[in-house]
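So, here come the structures, one by one.
Below are two complexes that have subunit A in common, paired first with subunit B and then with subunit C.
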Partner chain A sequence: MATEVEDTLKRIQAHKGVIGIIVVNADGIPIRTTLDNSTTVQYANLLTQLTQKARSVVRDIDPQNDLTFLRVRSKKHEIMVAPEKDYLLIAIQNPQET
Partner chain B sequence: MSEPEKKEVSEKEKETSKQDEKEKDTAQGGKKSPVSGKAKPGSGKRSGTPSKGNKGAAEKGRATPKGNTKAKTKEDVKAPTPDPTGEGEEEEEGLPEGCVPLFMSAKSQEIFGCTCDVDVTEENPIKVIMKADIMEDFFNRAAVCDFHPVKQAVQDFPSDEIVIVYDPDFKFGQNFYIAITEEAKEKILNPFGPEGEGEAGAEKEEEVVYKYIPPESKEWVSHGSEKEIKEENVVENRRRIKISARRIRKEFGAPCNFQDRNVADAKDAYVECTAYEDRTYDLKKIELDKSVQAVPVLVEEGTNTDWRYPRNANTQYYPREFSDKEKETIEKSTDLQTFAKDMVPRFELALQQNEIMDVFYIDWLHLGDADGSFGNKADNHLKEYQSFTDLQFSKDRTITAIQWHPTIKGVVAVAVAEKLSFDERIDNCAKVIMTPSLILIWSFTDPIHPQLLLEAPDDIYSFQFCPSDPNIICGGCYNGQVVLWDISAHADRLKQQRGSNRNKKSNVLPGFEDPNALKTPVVRYCAVSSIENSHRAAITDIQWVPDHMELNRMGVPQENKGLQCCQIMTCATDYCVLVWDTRPVKGPGQLITTKETDKGPKNPIGVPNTFKHLDLSWKPVLKVTLHKSEPGGDHSPVKFSIQERQGDRGSLGKATDGTDLSKEAAMGGGFYTKPGSGKDKRTLQSVKTHFYVGTEDGEIVYVDWMPQKDQDTGKIQTPKPDFYHAIHDGPVNTLQRSPFFKDVVLCVGGWTYTIWKESINSGPILQSSASTVKLSAGHWSPSRPGVFYIAKVDGSVDVWDLLDKTHEPCMTQNVSPVPITSLYPFPVSQKQHLMAVGDTAGTLHILEIPWSLRQPTANEYTGISNYFEREVKRRAFVVSRWDFREIEKRELEQEHKRKMGIAPNVQLSEEEIEYRQKQEYAAYIDEENTFLRELGLKDDDEPLPET
Partner chain C sequence: MPPKAIGKGKQVAPKGKARGKVPGKDGDDMTDMGDGTDQDDWIHSKALVKPEDQLDLSEQQLKEEFTRILTANNPHAPQNIVRYSFKERQYKQISSVDQLAIHFALDGNMLHKDSDEAKRQMAKLGMPDAVQSEHAGSEGGEGAGAGAADGEDAKEEGKDEGRDDAATPAPAAASGGGKKLTNQFNYSERASQTYNNPYRERGTATEPPPRATFSGSVTQWEIFDAYNEDFEKQEKNKEKKVIPGRQAEEKTRKKLTITETQSDDVTRIQNAAQIVERMVNQNTYDDIAQDFKYWDDPSDEYRENEGTLLPLWRFTFEKAKKLAVTSLCWNPKYKDLYAVSFGSYDFMKQGNGMILFYSLKNPSFPEFIYETDSGLMCLDVHPEHPYLVVVGYYDGSVGVFNIECKEPVHRCTAKNGKHTDPVWQVRWQKDDLENNHNFYSISSDGRIVQWTIIKNELIYQDVIQLTLPEAPAEGPDGTKVSTVGCGTAFDFHKKNDYMFLVGTEEGKIHTCSKAYSSQFLDTNLAHNMAVYQVRWNPWHPDIYITCSADWTVKIWEVSNKTTVDTNSENVENVSSRKALFTFDLNNSVGDVAWAPYSSTVFAAVTADGKVFVYDLNVNKYEPLCEQMVAVKKKTKLTHIEFNPVYPIIIVGDDRGNVTSLKLSPNLKKMPKEKKGQPAMDPAQREQLEIAKLDKLLNMVREPTEGSKPPPATEKK
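What follows is the complex of A and B.
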């Protein structure tokens, strides 16, 4: 049921200031996106690496622990990443717009 | 006993022995053995035969010392050296006496039986050879014989046995040496001889009873010591040196006067004492501080990589992507579905947090915006930036107008005029005519020399750069003429960077330099209006009509297709405002001018032909005369202000279409194109044809420039002003629209300033109280809606901030010691606003406007527009109060008059009179009735008797 994913994206997109959402697999290959291709590829590639690194940090500190959510606040945006075993969900929000 | 002493002694011994031998030889002579000759009478034994050699010598040796004390001492001396080394030592010293080195060849060694290291060895070196054998060898081998060098010695040898000694070490040069005397032979053969004798002597001494013999004085024998003593004596061995010094007699006893002098003056005045090593002083180094530090061994190494041939190469990569089909399958996978479902709450939490509040918002950063107005004291005054004055042209003359160059930054033009009143001017007419009237164009790059001088027929009181082409400048003369300049040829000069036009040596051949290259070029005007059609008074204000509109002969604003400024408005105190068109007039005159331009420039050198068609024949297209609404004179304008602004194209959109587009496209604008007929052009309906005029008498006149048909005379002329207010107590000197509100006008005149809003005709929305000094100029701030600058004749500049306070300036700063005539703030760049201030001394001051005065505060525009609205409301209230007061006043007056019993001097109509009489009669009846009722003469019930 593709609609489940579709619904999720719509729900997130409905929030104020959300610029884009990307679904990426574990290898950093985008599956679904609401952004243009080049931006998507860039975000997917860079954030997959960052998330892997962040995850290894959390796990190295405590092997029982795991990363569940990553928020990167920049001057312009806030990037939110939710990592799971096989997939990554990335959302970009402009907090000033809210 | 030390070694040298021993040697000495042994030598002495030898010497004495030799002497002895000699004595003996002389005594006994010839071939007698010296031993025998030596024999003392007391010796017992005696060798009879000298041939006995060794034996005899031994005997003799034993016998010789006997009875001789000297010999005894010799024995003692010899005694400690009994070993053969003693001999060796002696030999080392030199060849023993009477010996000669001898070389024996192997053959000779064989013949004589003395083969080296066989017959003779180092231990036993001595070999005795019979003299006869040698003689035989002489005979056999003659010169080859090894004994040949000593042949004579051998032949003379007294005994038959000759001794040779093996010298294995070649101490004396050969492998053998030969004893050629008997003594030497003895010595070699029997070196121990004396020893044996000594022993024998000792034996003898024991036998002899020691008897004391008193020492006898002996004759002194010289041993050389007297020579030493002699040498020690000091004796004169040469003549003594005599020196005599002389001095002049009169200088004897005179005091000496020592003074410095140069060392080099006299030849031997300077004796140098150089350092040298003192050999008498010798300090041995005993102790030494020393340190050693271990450092790593320094290694130098290098590597060199192979040089590869550089090659261009590129790679291209692309991100991995799923195909649509793959995406679909992934999306359908339950993994992703559950993943998406799980993720949503987390995202919503985060997103909502951001929506509710921006937690990273830094309040401090946004705090400063509110109160940036006058917080910092250090940065709120006008800073002197530069000042310009030209000793020749502008000193002691007054600056009448200032204009910044619209496009080139840092270029400002000023008009200067004589500081004379009208009467003085007439008195000094000759002088005034002779001095050139100029506009000076200054650049910040050169504060001493103006970049350009614009020459005018008479003093310029106002001028302006053309907004669409800054190389065109229009100016208004004191004599009423309008002048045009074209500085296109010198535009580069203005654009040049710092001082380059002064220092440069351009590519000119030597000797052909232009002597005027360094002089400021003077630009002659290229057109001037005809005197008869010009103003009859000094032009006090001049302005280019904005480039999007033009006025036709009827004063109707029309579209200007070329978007080039081509019309000029001027005003002078001859009661009119004129509009001039720079384009050639239609008709035959134009053809002639074009022909003339084709022929080439007939103008004075360097004057472009841009406006040749206008020169001296220029007429205004529109004349706006300013009649007063009531009879009795006209308004004499000095300043005016129209609402349309350069660059504001808003009114174009609302133009009514008068023609089709194809015709419009064919039309061109610019200075040379003919003005199109009125029908071809769209009328700009939204342009307000009313404009403000400030007069010499301090009035503000609001008038429509469009002429209308006068109802009385039927003539077409400017209508009467909508209103005018004589509100200023002196001539108006500034009338300027706010750069932010095009309906707000600042008017400065006399001792006050006023702010007007268009459509409010009842009066100004703000009027200042009278200043203590006269105001000479004013200008809105180009960047802050609520700020304007007022210049005063005491040389100071007031800064007014309407949002700060309106009853007094927020800042007053003195700029010049003499009255200021004009000022012009200008935004040179985003970060630099400069204000040009001109004074009556001819100095142009450039002041830097501080940050607080150029940076608008937050919402300043809204604040100030709200303020104006409030003032408008107040004005409306004032008007309503005026009406109220008027009615009230009238009522009071009436009341007063009635009380005084004076009929109102108002003419009443008949009906009114009748009505009033009726009212009076009714009042009388009423009064009568009440009176009768009181008296009881009249009953209420009783109807009134019929009259």
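What follows is the complex of A and C.
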């Protein structure tokens, strides 16, 4: 099981245009990253808050609903956040890269 | 006063005359006189002594009589008291002035015995005899009165007496009245000064309690979650009450879950990782995804009888590059998931096999991977249980996979009915009467076998043997060796499950029934070479299509002969009917498939890498689309499948690639719904489709006896 997940993460990292991935645990501490420390901490902190807010929005409107994932597309790249029960998987990709 | 009295007496005696002369003067002279004549008093001289300041008066003057009147007027009282009169607005003299002069006043200590104070004092001092008290009171009163009457002489004594007497009758009176009820609340205040202790301040300083800021938010979902938790707790409590025996199980489960959560962190994000991978892929293949969803070639409007196939994703896997796609199957439950089996068609080069499950959402990596030791030739996903997959091996065995396990759940062995030749096709059937899963397999060894999974075991049962009509061949020794045909394909009727078609390597199509194990219902000499695929039309109950290595695709109709010919002689009388439609595709046709949305559309793949799409409603003789799909030359396309929901087809080739293509609008013409009418229900649709096909067929069918040949005869 663990190896499959590891493989998946490696594949994501090796995919075209992916800049980095971060795995954040429930406390907001990044436990696995492919980026440098300061960037990781910044991303982890900010995106945890954003995800909480987004989830709050979705569930406030309908409590039986829940957030599946969050995509923030900017000029330079796209940040994708997939929330798990206690964890957060963040991937940053540059989709225009050929 | 006594010295004054003595002084008076003394002075009267010697100074009688002098006094008589001057009577009006006050006694002031006397004192002076007394002081001056102290030395001479004992002499008793009769000499007249004149004080120095005495007036010298003549004798006449001395004998003058002065009248003195004693009045009751107070000499000290003022005589001219004036009062302001507001009536006359002036000061007026008061006519009469008070002439009372008080010489002596003494306040008595007497209390009336019936007064409040007296009663109080009596109560306090006890209760002596009432008679005695009265006496005492009267005596005291007299004593007091006497004291008062003495006046100036007995002032002090009287006072003392009076006080004492007043004191005694008061308590006596109080005690006398002691028998009466005293008023408890009428108390007298008694104060006493206690010693005031000095104040001392004492304090201790403690450590302040640790403070923490607490904040909370309440939102709709927090309330919802709280209620859910509570509900679950209640449910658990109910369950505990109902099933107390399961607590042990729960505990062990809890332990397991705890250890799981503590272990690998990475495992927990499996779902998230899958989602992110799909997202990343979606970004990369964004244009393809958009095409898949929304692209409809507008140029189809200008091309009446032509359509195109838009290539979408290409699915490749590293390990499968040397293998050929041997079977494709869409998952009945998840419309974007399909299974691919890999093997090798080459007799000489036999290697491993593989099953891959791909999802359209993740074109870069398969969802599930299973490797097998022998090449796989066919695959089928159970319609009701999408996790069960049956495969047929090149070595003749069949296996059943459960998606969760890497190893096949069941695998038949040589003893257990394994085929002696590659299994070309497997197909799940409906669960039998005992709800056991079962499937059919067909192989080159001429056997069609039904396998049933009973209590985790595969049990086989030969259904039919494909016997050849020729006489048994003679072996070298002269013994007769029965030869069997080689089955290559079969298909079960959509509605009548017991009826199925079998395609053989000789090119024959047998119509068989599950009920009859020795005889075929019908045999059809369809092709000159091996039949690679036979498929019933999804709508029309009597039409089926076949494709063969002899470069043709043919459409047939089931003949009216349904009775079983028991006469062995008639076995030779194989019907050599003509196909309703025949299409020559210029190369060996690997696979043919009907479209799920129309009864007149089908597609075929050939060994030269082309895909042909036909719509009989539009053009009965030529394909609407003939497109080269394979990238490299010399790639043979092996299989094709239509997606049941989306307008795409997947095509497998012999290099391990699976390509998905989107059908252009001309290829997916469906019956148009008339405006204003409600949507067609399946039954209506079916009727429509069947009617559509029938109309076509009427034009091509051979005329039956007695009926006029239709004007439009078939062309070839």
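The rule is short, and it goes like this: the second predicted complex is superposed on the first by the 93 of 98 C-alpha atoms of A that agree within 3 Å, B and C clash if a C-alpha of one lies under 4 Å from a C-alpha of the other, contacts with A are read in each partner's own complex, and residues count from 1 in each chain.
FYI, contacts are C-beta pairs under 8 Å (C-beta built on N, C-alpha and C of every residue); 3 or more make two chains touch, one makes a residue touch a chain.
Just so we're clear, the structure is a prediction, and the values are computed from it rather than from any experiment.
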Partner chain in contact with A:Gln49 - subunit B first, subunit C second, else both or neither: neither
Which superposed partner A:Phe69 touches (first subunit B, second subunit C, both, neither): both
Touched partner set for A:Glu78, first subunit B, second subunit C, both or neither: both
Subunit B versus subunit C as contact partner of A:His15, first or second or both or neither: both
Partner chain in contact with A:Arg59 - subunit B first, subunit C second, else both or neither: second
Partner chain(s) touched by A:Pro30 [first = subunit B, second = subunit C, both, neither]: first
Partner chain in contact with A:Val5 - subunit B first, subunit C second, else both or neither: both
Common interface residues of subunit A - those touching subunit B in one complex and subunit C in the other: 1-2, 4-5, 8-9, 11-12, 15-18, 23, 25, 31-32, 68-69, 71, 78, 80, 82, 84, 86-87, 89, 91, 93, 95
Residues of subunit B that touch subunit A when the two form their complex: 319-322, 327-328, 330-332, 335-337, 339-344, 346-348, 350-352, 354-355, 358, 360
In the complex, subunit A residues that touch subunit C: 1-2, 4-6, 8-9, 11-12, 15-18, 21, 23, 25, 31-32, 56, 59-61, 63-64, 68-69, 71, 78, 80, 82-89, 91, 93, 95
Subunit B-facing residues of subunit A, complex: 1-2, 4-5, 7-9, 11-12, 15-18, 23, 25, 27-32, 41, 44-45, 68-69, 71, 73, 78, 80, 82, 84, 86-87, 89, 91, 93, 95-96, 98
Residues of subunit C defined as touching subunit A within the complex: 219-221, 223-225, 264-277, 279-281, 283-284, 286, 364-365
